[in-house]
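Multiple structures follow.
Each of the two complexes below includes chain A, the first together with chain B, the second together with chain C.
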Partner chain A sequence: MGGSTNGATDLSSEMEVDAFRRLFPLRFHERHLLESVRPDARSLGKARETSLALGAVASADGSALAKIGCTVNPTMLAAIKMEVMTPAKETPDEGCVAIDFHMPPICSPIVRPGRPAEAAPVVSKQLSDTIISSGMIDLKELSLVSGKAAWMVYLDIYCLDADGALFDAALLAAAAAFSHLQIPVVSLNDDGRIVVVSKENGGDKKEKNKPVNEEKRKLKLKNIPFALTCILHKKYILADPTAEEESIMETLITIVLDSSCQLVSLYKPGGPALAYESVVQDCIALSRQRVKELQKVLNESILDMEVD
Partner chain B sequence: MAAKGGAAPATYSPSPTTYKKKRAPIFTDVDWVRPDGRDFHHCRPAFLRTGAVNAASGSAYAEFGNTKVIVSIFGPRESKKALMYSDTGRLNCNVSYTTFATPVRGQASDNKEISSQLHKSLEGAIMLDTFPKTTVDVFALVLESGGCDLPVVISCASLALADAGIMMYDLVAAVSVSCLGKNLVIDPVSEEENYQDGSLTITCLPSRNEVSQLTITGEWSSPKIHEGMELCLDACAKLGKIMRSCLKESASTSQE
Partner chain C sequence: MDGPLINEDRWLVPEAYSTVLMAPLAGLKVLLRFSLITPPVLQFSFIILDPLLLLSNDAFSLASGDTKVIAAVYGPKAGTRKNENPEKACIEVIWKPKTGQSGKSESEYEMVLKKTLQSICLLNVHPNTTTSIVIQVVNDDGALLPCAINAACAALVDAGTPLKHLAVAICCCMAENGQILLDPSKMEEQKVKAFVYLAFPNSMVSVLPEGGKSMEHGILTSVTHGVMAVDDYFSCLKLGRPAASELSDFIRNSLKSKAGNDPSKAA
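What follows is the complex of A and B.
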């Protein structure tokens, strides 16, 4: 593209906007940056409009749908299924959380069946690291009978529409799914096995087998982590990039803060631009604002669900 | 999910006049109460919407009761596999399930078979010669499986193809009936599918009155087959109308 930059300056006045955007994507975005605005009319530090809907999947124990961007379309669907397992010998009082992030072929033109996207396992690992290390979930709460039975929590997050900042959206959907989670009532049967008490026969069997976890239907979530991904390009910082922006300007930095704005993790996977301390500070400042926004979105979605 | 925002979902049960003469005696022997309280010949409310995925060239979301499906269309684009030269376009279909689609985690059925059935039912409706040398990818994700997955995927896929501007002879609508003892139930839910003695699925091009795929499995008598087909064709015609109005709606909102 070296020679094209000069050509682009001359052509830009004559070309149609769409053609210019395709042929000289970097020039197109830099022209916007000069005016401190982005192609979707956001200012540089502004994240996209975000909303959450809890309980989207009827067959799951907890689920949430995150919508990022102005469209009505969902971008992330997270669902939790609980299973009873025997805890590991080293941690007899703890349950386990397995987190998986999926990018099905429907979500993006670059993903094809049988050839999973490279990004998916990376995001998957980042998500489980973040959720476990933030201390959002106390694994001891997932214990049912010490050394005998504990909950295995399967959290699956599906990307339905890949449009940049996948980790941020996935983490939000995951946190929301945990907020929505209703732990199934289980009881110990005569053989000492854990069985799920279904709603219908829960009434008449009560005197026989007392539920083990009647009071523990919800997890206490503390320090919920929220993430903001920014693009570093020259002197600019762009918060919450779209897929197009991510493909053109390659230096990303992801900052995860918890609800009290403590730093949980910071992730800068290479890229041509270097992150100086002042830049990192600026990104953290943007993340603080974003945490407040997201916390509000999450609280409102929980309230909405309770009203329903 | 999206159903909350939209207008009341349209229903498309077959009209009583067409089948009354043939299957009047069945209601005298009711030994099955449908889990969702529907009449035997009542379909679930169909909610359809196009443009569910921005990253795709066309897409659609379908929600029939608890069956929820998203279909994305990519292309026409370069064929990825090193295939022979072809004058006509190719169609590539893939259906996958989420791990939470079924009551027991990760128990999704064989997707290969469903993918190939989807391919066969759409193939005949698409004008493949309008995109020579290239491939159109039809990818479906079943978010929740609540019965009649394949018919819902097929109808949703044809809507998504229309949304992507792929030329077709007609929309493709699919409906299935289950045979439970003496009764025929239309648009069965998973529970009914598990108990069924036989099933019949028709995929048709409603305005051309052509059937692109007919699958009959299990125990059937000839009069039953006839009756089931009548029922399905009638429901397909109505589903086709709902799909058409969904397309019209999205076209008129995009113009504004």
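What follows is the complex of A and C.
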């Protein structure tokens, strides 16, 4: 006892771990980093276990649940609804994708009821920028009748449990929902309007009106983007941070690579630590690994889906 | 290539204004004008004036082809918002678009700018206070965010907010043929394959050529749009850095000449 003169460093041996974690969160994490381990027993460059389940929402045209981490709850729910619209004059043979990200109060203690979360519109904008600029979806595939009808795709992503790296999980859920998407069959009726052929009376209608898009029931996804968020703290790089780590060590860098390892986005909004070129290289190497992991997870979940 | 259209000296704040505005920590307005294109040479002009002057003076018609932003700093005011650390100063950014209501892209800009400024401000100096930075977009002709970062920095200096160092931001874009352009116009921004907004720290050392891993080699903020090869990003970085240091010299000189003309800061 008598030897503990220089503050928290020595207190750590006398205090309960939980108390130390609350009182000196940064020290607590730095002590772990010294040993190249994190409080949840991961090594620094390792991302959390990730799982995907396709077809979580029966009423949607395509949906997916993505879960990063070992929490009981799934973290992101993505669902797609499609509607027929008249395409814009400038792009007569292209459809449209509208992406929205929701953070309901249940997802995190930081989000309060009645007040929209600050992060939600930012993630939402980032998602639509990434998905549209990555060229994952060919908007021309969403066209039904040139200049007359095209698909409007509404993609809504709900965050059910915010535990760090929101954007990574949301992007994975979005990509999975798109790969699960089954485009409804539509046909032209006698008035020249597009109507959805419902499953029950699909048989009768087929005789009268030929479906417009019988072959095009699936979107061809190319260059699917995958994201990895890292924390930069001193000389350490922590991949896939939890919410606690994000709140304590503030410098985040999000790297999005597509399946052919092209850079889709490198996003670092400020933060006390600077990203030197070597650090960026290291982060990109980590994301390359992560892309492979996530691609495997996505392919497996698609295979599971087909078996069912 | 457009040279600077306006003689800088004409646009310095008149003395009557400046004494009011230069009062420490009062609302200060800084307008930053960019007219720089054609790789890899940068050309810019930087004007500090009161926005009222801008509105009242026809001579300053908004030349198309330029990005203009007005940054105003108010604070520090007492108290912080909820969810903010009361032991530190809080930075609040309000982004006003040129027309219409603010939407998602404005809140993204607000967030990026807020985090960038947070990392250059000395937040421990005024704990439990809020400093508001209002960004009014006057004209968007590409590289809007870098322009806003530079303007906000200059405004913070003008307001006397304690800073660790300055930040200097630029925009690089990758053309289809692999050519890298600096500071694209809006049209170029839409046509190119990808573009990168980069902000670097800008401390006094940046003026001197320094080898090794100096601070200026670190990226403060990076926002990219569009798909590019990883190597292309690094070549943008390579080209961006000297451009940023050139811009930094310019900003420092402008701030210096401004401080020299200002009686309240002459001491």
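One rule holds for everything that comes next: the second predicted complex is superposed on the first by the 300 of 308 C-alpha atoms of A that agree within 3 Å, B and C clash if a C-alpha of one lies under 4 Å from a C-alpha of the other, contacts with A are read in each partner's own complex, and residues count from 1 in each chain.
FYI, contacts are C-beta pairs under 8 Å (C-beta built on N, C-alpha and C of every residue); 3 or more make two chains touch, one makes a residue touch a chain.
All values derive from a computational prediction rather than experimental measurement.
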Room on chain A for both chain B and chain C (clash or fit): fit
Touching partner for A:122 - first (chain B), second (chain C), both, neither: second
Which of chain B and chain C A:269 touches, first, second, both or neither: second
Touching partner for A:154 - first (chain B), second (chain C), both, neither: first
Which of chain B and chain C A:192 touches, first, second, both or neither: neither
Once both complexes are placed on the shared chain, angle at chain A toward chain B and chain C, C-alpha, multiple of 10 degrees: 120
Closest approach of chain C to chain B (Cα atoms, Å): 10
On chain A, positions contacted by chain B and by chain C: none
Residues of chain A that touch chain C when the two form their complex: 110, 118-119, 121-122, 124-126, 129, 133-135, 223, 253, 257-258, 261-272, 274-277, 280, 284
Of chain B, residues touching chain A in the complex: 1-2, 5, 51-56, 59, 66, 70-72, 74, 77, 80, 94, 96, 98-103, 105, 137, 139-141, 143-144
List of chain A residues in touch with chain B within their complex: 53, 56-60, 63, 65, 69, 71-74, 77, 79, 81, 83, 100, 102, 104-109, 112-113, 154, 156, 158, 160-163, 243
Contacting residues of chain C [partner chain A, same complex]: 83, 103-105, 107-108, 111-112, 114-119, 194, 196, 199, 201, 213, 215, 217-230, 232-234, 237
